[in-house]
Each structure stands twice: as C-alpha cells, then as structure tokens.
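What follows is a set of structures to go through.
Look at the two complexes coming up: chain A is in both, with chain B in one and chain C in the other.
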Partner chain A sequence: MTAVAPLARPARVLRLEIRRSVVPWAIPLIAALFFFDSFRTAVGFAPVWTVRSSVITSNMITDFGPFAAGLAAWVASREGRRHTGDLLATTVRPAWARQAAALGGTLFWLLLTFLIGVAALYIDTARQATWGGPPVWPVVVGVVEVTTFAVIGFAVGALFPGRFAAPLAAIGTFVIAYVGFHAALGVTPMTGTYALLSPATAVPLGDVGVFYHVAPDVAIVQVMFMGGICVALAGLVVVAGRASRWLWVAGAVLLAAGVAASSTAFALAGTAKLSMSGWDIPALHDAASDQPVPYTPDCAGTSFKVCLHPAFSLYLRDVNAALQPVAAQIAGLPGAPVRAEQVASGSGVRSVQGLPVAGTPATGITGTPPVYNISSEDPIAPLWGTGAMLAISGWGAGFAQEFLTAYVAPPNTFMPNPAQQAVVTALMTAAGVGAPQFPQADNSNGTPVGPSQAQIGAAATRFQALSPAARRAWLATHVPALRAGHITLAQLP
Partner chain B sequence: MNIELSDLTRKFGRNTAVAGVTLEAGPGVFGLLGPNGAGKTSLLRMLATILPPSSGSLRLLDNDPTRPTARREIRRRLGYLPQNLGYYPSFTVVEFVEYFALLKEIPPARVPKAVATAVERTDLGPKAKAKLRTLSGGMLRRVGIAQAIVNDPELLLLDEPTAGLDPEQRVAFRALMRDLGQTATVIVSTHLVEDVGAACSEVALMSEGKVVFRGTPSELTARGESHGVGDAPLERGYSAVLQAARA
Partner chain C sequence: MTTAEVRRPPAAPAPSGRWLARGRAATRLVWLHLRSRRVPAGVLSIAACALVLRAALRWNWMFTSGSLAQQLPMIIEAGAVVAVVVTSHSPFGETERATGRWLPYLRLGAALALTGLAIGVLQLGVTGGSLNGGVLVLARNVVGLTGIGLLCAPVTGGLLAWTLPVGYVAFAEYALLESWVSPWVWPVRPADDRGAWICACVVYAVGLLAFTVRGARTRLTDNG
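Presenting the complex of A and B:
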C-alpha cells in the first residue's frame, strides 16, 4: 500500500476555498441568464461557428461579468465584513497568498461555469454547422474578460472591505464596461476605435469568418488590455497590503507592467482599420489573413444553379426552391442571370454598415455571364435559426421579388418605378410564388404620388395575361429600356 | 524567556493605551487582569505581532518581531484568540481549523492530525463537521481556541477566552490552559478573576496602560485582606490594588 502524498499547502488552501466558495449559490441565476440571453441569441444566428461564437465575448460577458465582479468583491471583502483581520494577521502566510487562494477559488467556479456555457453553445452549433470548426480566440478573450471582471471586483473588495463592496463592484463594472466606455468612445472609424477594447462588441455580420478569416488583431489587444488591468490590480492590492519592502517593490513592478500593457493595447486599438476580415491593427496584422478562405460551394438546380457557401448548406434547399420558379420566367433573356451565388456581405461588423469598405462585392446581378449575388445578410439573414425558410410567411415571395427587381431595375433600387413594379408582379404571379409588396410612392407630406396600386395591378394583370412566349418576346426587346426607367405603365402590353 | 518587554509603549494619537510596560514571562499560565480600557488588548495585540509598539523593546520567543523573517518565525510558533472572533460561517469546524493550520504553515502531512488533536482538545469532536453558522457562541469560542492551539504554540495569547462558555466548559478550559502552560507561555487576558485564581501561576494587573501589580494569585489575594471590596478573596485583592493605583 503506497502512501498518498499530501497536497501542497497552497493547493489545500485553494481546495478549501473552492469547497466553500459562494459562487455555486449564484450559478442557477447565471445559468438562467445565459440560457435566456446568450444561448437564445446564439441559436437565432446562422449555425456558423464564427457567428455563433460572437456571443461569447458580448452576451456571455454581459451575463457573467457583473456576477464575476460582485462575487469576487464579496469574497475579497470577507476579512473586513467578518472581522477576521486580526486573526489572519497572526498567521505566517502573507496576505497576498491568502487572497490569491480566495480569488482562485472564486475564479475556479466562474470559469468552470463560463466554459460549460461555451461548451453548451459549441455542442449545439456542432449539431447544426455544416462547415468549419470551433474558434478558439473568442474563448480565450472570454476567459480573460471574466477573469478581469473578477479581479476588478476582488480589488474593490480587498481595498474597500464592506457589505456594499459587492453590489458597487457589480453595478460599477457594468456601467463602466458597457454603458460608459461604449457610449463615450463609439466603435466606428469616424467616432473612434478605442471601444473595440470594450467587451460589448458589435453584433457581427452573418458570414463573418466564412469568406475571409477573422483576423485575431482585436482579440490580441483585448487580451493585452484586460490582462494588463488584471496584473495592475494585482500589483495594487499587493502594494496596498503594506507588506515587506520586497513585496512592495514586486507589487509596484506588477502595477507598472500592467499599466504599460493596457496603455499599449489602448494605443494599438486606436490604429484599427476596417477591412474585409474585420478590424485590422497594422502593428499586429498578418497579411495572410486577408486572403479569402478557399471553399467549394454547394449547388442545387440544373439549368439555373443556385450556389451557397457550404457553411449555409442548411438553407440551400429553400433558397433554391424560392428562386427556381422566377428564374425560369426570365431564363435566356438578355442580362438574365445564369446562376445565383452567395457572396460575402462586407466588413464583418454590422455597426459599420453603410461605410465604404474596400473590396465589398456588389449585390444584385453582376458580371459576364450575369450572376445573381446573394448576400449572406439579406435575404438569408431573417431566417437564421429556423432551418426552414419557406415555412416563414412571405419569405419566398420576398426573395423572388428581390431577384426580379434586381433584373428589371438598376442596382440598389429601393423603389422600382410603376412599370417595373407591374412587370415584377406579373412575373411572380405567372411563376405562382405569390404577389410582391411594394410601398405606395408618396411625397414629403405623405400624399400618394404617381399611379395608384390599383393602376399598377391592372397593368400587371394585363401583362400577365399575355402568353409566356409573348411576354418573353416583349421583355427580350424592352428590358434595357425598362431597366433604364423609360417604360411607362401605358406602354406595357 | 518567551516574552521580554522593556518600557513598551503604544499610543493612538494623544491616547496612550500601553505606557512603559516592562515584563518577562516564561512557560506557564500568565493572567492579565484589569478594568476596561486598561490596555490589556493593546498589549496582547502587540504580543501577537499585529500592532507595532510606539516605543520600547519587545522580544518574543527569542526573536525581534520588527524584523520580517523573525516575525514569520514568531507567528509560526504563536497562537492567538482575539476578543471578538471573526469566522467564516460557511466553513465547518474542521475546515476552519485546517484553514488556520495551513496559514500557520504546519507541514501538510501533519495538518490532519494537528486539526484532529485541536478539535479533540476543545471537545468539538461531535461538531467537527458542523458549519460555523450553526454553532452557539460558546461553541464558536471553542473553535477559536482550537485554531489558536492547532500549531501547538509556544506562545499562546488568549483574549477573554472563557467569555460565553458555560461553567462546565470553563472548568474544562482552565484544565486545558494548565496543561498547555506546562510547555508554553500562555497569556490570558480576562475580567474573570476566578479564571486567574484557578489556572494562572502568575498574574499582572493593568491600570491606565501600566502594570500596577505583578505576582502570584495568592499575593494578589493577600493585598485584599481587610482592604478591597468583592465577594471573593481574589476580587478583593484586585479592587484593593486598583484603588491604590488610582490613589
């Protein structure tokens, strides 16, 4: 029989702290928040690894962060609340070692809960995802963020022990991290990019990391910034402990190193630029990550092919079913697309939509032979998480309407003219995919202008009443004029 | 000598809590008596290396507590029970005592036995796995004593150790103090003169920061013959010495 070696002293103190931690009492509440906020948000996104993992550094931090700060502050303030200071002061182990064990016990449960949440998210994604694998950077950033919130709370509790330390730490970190920092600094190239350091990152586009790699630049500066805060606060607690001179020097060095790391990260975040792979930080950026990710699309259809990125294969059947009937109506006509293909939706960050980003592919019909580009954001985005697009009322008709509008109207047309509307309506009705929905044109006072919906409907009925051959013959000769807006309702046959 | 104090003084602003105390003590149970505000707790906190003296010299267990390495060595061999015991309600008795055993740097292999011995000596065995939040005041006092003796200290400082204990527990605790005093220096600060009479081999009486009497309990009793007020002989000695000091 071999003797079991006793655990080392710090490990035994840590084991005690883990066993008697207060965090498990809060786990049910954290788990409920995680389920109703983070998990449900994630399953509302497309089952794409990079998209769903975005909730780790946004929603999950919102759910975990204030708890981490509050619980850590509660633990750190216990020597003051429970009046154990005198008793502990007569022990041999220095205060920093004691506090490190208490923080370790708190972090053990917080990070365990956090990682279980991540695992639940990834397991659910793995069941649905058709391409790619679980990204590591969001998990690294998330772990560092939860740790930082806990360290901030612990420092508050250690430096200001009292019963109000915990609620103040929880509320304070929430306000500073999410409201103050984000609102004050913004997160666009115009308002400043420092807020990229905030845990409250923007919701990504639906295909982030699919067509282009997600550069780890922002993740690196976030880890550097948060890690710097952790190290600096650890140093501050050691310095404030008024221990021996050597400990004071060590604490001061930690404090300076942490401030330097966070300051460097802050400066680096200020140099961020928007690109196809998200936010690039020149000093950290690897140009190799700018290259498109190679992939073989999944396609459906024979004469008119509908192709999606394999990450979106789940939706191929529905997209194909929505486009084939209307594609058949214009097949072979001048400028009619020969296939539909999914393209990258842009910069990867939703909050900068509308800002010019170099390399963003045009949506609509482009190229020779013409190809209809399907953006990952629209029209697929509204259907994420359902897995059954056609089950959603009006989705197929809306998609078909966008497809035909792209054919009969100039690119990026929000409101086709009456003749274009009538043609789209007639072709959709002929294809049997339902009626389109166009808003009534009006002037600045809200008064309707131009032909009424009834007049447009009458023209559409007239055009649809033509034989298919006659419709195609008319379109073959008049599409250029129709797209240019030179055809009126009265000129429609 | 385990304790050597020379002209030890502690001031808090303009208030002098301990005023030039000179004292020596070796193994045995040493009683520290005095009214409220006499400076007993401040003196005990200096002996416990919590509070640095304002002036004077202090040597504990042949070490100078002003030096960090020496202070660590003293703390390794020190046991302390403060007047108001702070505790963590979610810890069990054994966990709380183990926590302090580990913080006192008892070698990990010896911790389980040391904890078991301390729990047994304070008669806490039946409550070993009870959470501290469930214990009565007297039980908690015994937990405090258990953590103080877990490292088998050579210098044991007890501030009001019998407060909250029932008569039976107090009798048992006095026996424990006498037992510990065989090898260690046990300083007991108390208001209860019967504890001193029953357990202490030597006693000092403090008033206004100064030691106004030092001797055996019998000598203190003798001071009260036909002078002091009180029900017991030791109480009469106590009040007689205090009256003389105030006069």
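Presenting the complex of A and C:
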C-alpha cells in the first residue's frame, strides 16, 4: 500500500474525479452545438473583436449552460442515487470535501471545453480582424456564468438527489437563461435596467469598443451577481448537510455573503445609465474609459477620399468602389461632400432603437467643407457581415443610394420626395451602380399616394437622358430648392 | 401437516371471479411498474412544466409572434419530455427481464401514456392563453423530443437520456434564429407542415420501438 502525503490527498481525490467524470462523454455533443451555434454565428459577424466576442456570453452559454447544470446535478446526486451516504459518512473525508472534489472534477472539464471554444473563436477572429485585440471581460463573465450554472445544478443535485434532479436542473437553468435574455433585449433607462444582469443580450452594434472603450461596469456587476449566487449556494449545501457546528456556521456565513453580493449587484444594476461607451454604472465607472480611443483611419481614393476606422478596413475597398462613381456625379456642386468618413454609431448599446445618447455624431453630410459621415449601423448599407455577403446583397447600390439621398434630401430623410427619388435614380443609373430601392409612398391605410414608381422612373429616365453637363448645370442651380422639397416631379428637366 | 391430508384440490374460482382476480393482478402489475419508474413524480414534473408554461404566457417571458416565439415553449416542452424519458430507467435490470413476458408491453404502454399525458397537461396549462403554433406544434415537439429521448435511453441509460433532447433543443434554438427549413428540425416548421410531422413521428416510432424491445440500459448502482 502506497502512503499518500496529507497535502496530496485532496489533489488525488480531485484527480480521481476528473478521470471518472461523466462530462467527457457529453463533450462531442457540446462541441457540435458550439460549432453550429456559436462558431458559425460568430464568423457571420463583422470581424470586430467586441462583436464576435458577444457570442461568448450569449450563444456559448446556451450551448454549455444546460449541460453544465444537468451534469453537475448528476454528479452531485450520485451519493443519493446510490444510497452510499451512510457508507461514505464513515470515511475520514468530510462530505463537503467530497462534494468540492466532485464539483471541481466537473468544472475542470466544462471550463476546459469552454476555454478551448473561446480560443477557437478568438483564433479565427485574430486571422480576420484588422484592429484591436481580444476582450477579456466576456471570457471572465462566460467562465463565471458556466460555473454558476454548474453550481446551481450541483446544489439541486445535492439537495434533491434523484432521477429528476439532473434533467430538471438542465431545463430550469435553460429557462432562466432564456427569460433573462428576453428581458435584456428590452432593457431601457425608462423601463429599468435590472435585466442587464443577464449576460446574454442582443448582438451589440458593429462599432462597440471601436471608437470608445467598452466600460467593464456591467461585466463587473454580472460577475458579482453570479459569484454571489455561487457562494450562497455553496453555503446552502454546507448548511443543509450533516455538518459540524463550526462548519454550519461557516456555511451560514457563506450563504449570507453570497446573498449580500448578489443583492448589491442587483441594486447596482438598477443605477445603470446609457452613454457613448455603453451602459455605465456610476458607482463603478471610471471616467477615463469615456475618452475616445485614438486611431488613424484607413483611407482610399484621391480627389474624393473615403476613410474608415481601421477595424473596418475589410469594407474599405467595397465602400470606396460604391461611393466613387456617385461622388464623381456631384463633385464640385454646391454642398457636395469632399470626403466620406466613418463616425461612431452613437452608443455601445441601443441608440438605433430610439435611445438618444448625448454626443452622438451626426450621420449624413455635415460641416464645412462638407463631409459625408457614415456609421456602421446604416439602415440600408451597414458595415456588417462578411465580405462575401457584401458581394451578393446589392450592398454597394444601397450605399450609393444613401450617399445621394443625403445630398439631395434634408438630413435623416428615409423616404425622399418623388423629385428627389428621380434625381437619385438618374444619378445612380448614370454612374452605373444599379437602381435604388425606394418603397412606394402610402397612407395609413396602405393605399398608395403620390406619383407611382413608374412615373418616378419616367422622370428619372428623362433627367438621365440629359447630357452630363446639362445635368450638372441644372443641379448647380436647383440643388438648394430640390433639397428643400420645392421641386416637383414635373419640374425636372 | 402431510400431503396425505390433502384429499382434493381447492375448488377453482368462478369464471367471473377469475377475471376479477386477473384484472386486479394486472392493475397491480401496472401500478408497480409505474411506481418503480417514479412515474407519479414524473407526472408532477410534467404538471410543474405546464405551470411554468402558463406563467411564461401570463407574464410575457417570451416573444409573442414569429419563429422566435417557439423558443421558450420548446424549452419548457423539453422539460416535460425529459420527465418522461427518465422514467424509462428501471431499478431492477436483468432480474426484471427474467420474470415475465409483459415487460415490453408495460414499457410501450407507459411511454405512450406519458407522452399523451405530457401533451394533454401542457395543453391544459396554456388553455385560454395564446400559445404560438397552438396544440399542434406543442404535440409535435413533445412527440419528436420524446422519440429522441427514448432512442437515447438504450444507449445512455434512462437517467442520462435527457442529454440528447436538451442538445436537440439547443440546436433548434439556433435553427429558429437562422430560419432553417429542414423538416428534421421540426420546431422551425409551421404547425401543419407534413414533412415536419413525418420526421417527428418517425423519430418517435423508432425511439418507441427501440425502447420497447431493448429497454433502457441499466446500471444497478444508479437507482434514482
């Protein structure tokens, strides 16, 4: 018989649990889910670190969380299922030490698989990203979340050992994660911000973390909340077991500390405010993170320059190819932009959903000399998706349409008037970049109003038939009136 | 007492009494089979899932329209399904197989009855609410997921037969987001889609057959 040094015993028990863990049998299933759900979803996003890393706390948790809870419950209910509680009570190891080793063995495999998945995701992103580096906070939150799922399952299995513990823990945590996700989708400063405690939320805007740092405030609160749950449940398991008096007191202290941490995090989440860098929590916020991130834009073009943030260099060639022909059509005309450049889309979270954030730069044509400002969240031609998607979706025509609409119509016009539409159509056709897609105007009953698309098309054909010099001459004279909406379809030459 | 004292065999019971005794024995056999599988607790779990589904509808925990409206109901339906499939675990193993020829029929009957019960109880839970897709989608999800679980039971054992249905649900969540159309991912298809129904029923039939013939893999050390 080999003597085992006292300090080596816990490690030996842990090693035994790791060797005999049930989790490796589930890894192929989890890996398949990760590939289809998390990995494929991430590679469909723009190669921006913060955007791609958002799947770590959303999709990857859907893939890992239920299994973490179910398998941990299965492991924790082992002594109860096998009726070996009394037998093991005679061993020298206390129950909490056995349970800690069992949980450790389960977490070892779960977190190892999770981190391998994160590494695969980050390696793929590193091959495509043109700016920035891998964010750490999503990984920290993801690790704590998987651990929390496992601890919840473990507590269920330890407290209610039986055949239903594992599956119902898996499904229960699945439901909780989904309900949190659903609540987080609708979080606004007006409706309350407690749902920010859910790490799973909507895919962030394309330029989150690009122009401004992502403040770690929400991530800290999420870690505190989930960590509190873990500590409280660990205390509950100790208190509920047949523990000695001192152990019982220690368990009660853990329980109280966990509840306090989670309650504090809950209260902090309720104070969140929306800012340029995302959700800020005043008590945790570092004002230094509100400063813009310095960068040197990537530019293309000669007389008309197109400049994007280096994180979006992937799109520069396509944006330049889309804008140069239409920019040439209006070059030198009054108010025509001399440059196009990318600006921040507004906030780290939801400015596009009607949540205005102070300091958001205006998109469209602004300044002197005029500059065409674009953001990654353009409603027609966003800087989003992969290069292959840009090639097949008429994205370039959408970009050109947005550019010309910004020139002939007032700022933030989604639906130009018929004369403006005809001019945009004529200029795009003349530039050879395809036809714009304007919807037919209708009233509240859905009945079409104003000139039909055929009438607008006919006017556009008429305008396009003019010589380039005649078109420019007419535009040079009439652009202010056209932009103000004073030109009708019939007044177009 | 010696055999010499037995002068004649006891009188056979009247035919009606014989059928009554057989009926009692059959009822007792069915009840013992169900109890040994913790079916009463399974029924309670299904009822709890129905309550959660009701609460989700009542307090708007989910999307109310579109394909994403299927996500949460499907997870909760999977909760009822896993409660059904873990009742496939037998605490007796080989011993039970040697005792009679009724075991496959008992397995078949229990699985069919619990599947029907899960559909009925879940539908009862949403009565008066507007569940996206209605009872047809609910029934198709329960049938298909139960089939996956029953197919899994002979391989993993009844106690771990929940893993594949949960994995399928996680995959279907992704398929709903990505608007997949394969009938094998039946939650993404409309309620009256024939292909999705065929796939769900085929999976259920194969799972039921495998479970009826083979039973769940049993490890006597585990007796939940």
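Following the convention adopted for this analysis, the second predicted complex is superposed on the first by the 465 of 493 C-alpha atoms of A that agree within 3 Å, B and C clash if a C-alpha of one lies under 4 Å from a C-alpha of the other, contacts with A are read in each partner's own complex, and residues count from 1 in each chain.
In this section, a contact is a pair of C-beta atoms (placed from the backbone, for glycine too) under 8 Å apart; a residue touches a chain by one contact, two chains touch by 3 or more.
Computed from a predicted model, the values in this text were never measured in an experiment.
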Putting chain B and chain C on the same copy of chain A, do they fit or clash? fit
Please work out whether A:G162 is in contact with chain B alone, chain C alone, both, or neither, and reply first, second, both or neither. second
In the overlaid three-chain picture, which partner chain does A:P334 touch, first (chain B) or second (chain C), both, or neither? neither
More residues of chain A are touched by which partner: chain B or chain C? C
Pick one for A:R82: touches chain B only (first), chain C only (second), both, or neither. both
Partner chain in contact with A:P493 - chain B first, chain C second, else both or neither: neither
Look at A:G367 in the shared chain and tell me whether it touches chain B only, chain C only, both, or neither; answer first, second, both or neither. neither
Looking at the overlay, does A:F174 come into contact with chain B only (first), chain C only (second), both, or neither? second
Pick one for A:G394: touches chain B only (first), chain C only (second), both, or neither. neither
For A:A26, using the defined touch cut-off, is the partner it touches chain B, chain C, both, or neither? Pick first, second, both or neither. second
Nearest 10 degrees is fine: what angle do the Cα centroids of chain B and chain C make about that of chain A? 40
Just to confirm the geometry: in the superposition, how small does the C-alpha gap between chain B and chain C get, in angstrom? 6
Would you please give the residues of chain A that touch chain B in one complex and also touch chain C in the other complex? 22, 82-83
Parts of chain B lying in touch with chain A, wherever the complex brings them together: 45, 48-50, 68, 72, 75-76, 78, 80, 82, 84-91, 95, 98-100, 102-105, 108-109, 111, 147
Residue numbers on chain A that touch chain B, as the complex places them: 6-9, 12-13, 16, 19-20, 22, 78-79, 82-93, 98, 244
Under the touch definition given earlier, write down the residues of chain C that touch chain A in their complex. 38, 41-42, 45, 49, 52, 56, 61-63, 71-72, 75-76, 78-79, 82-83, 85-87, 89, 158-160, 162-164, 166-167, 169-171, 173-174, 177-178, 221-224
For the complex, which residues does chain A have touching chain C? 22, 26, 29-30, 32-33, 36-37, 41, 59, 62-63, 66-67, 70, 74, 77, 80-83, 161-168, 170-172, 174-175, 178-179, 182
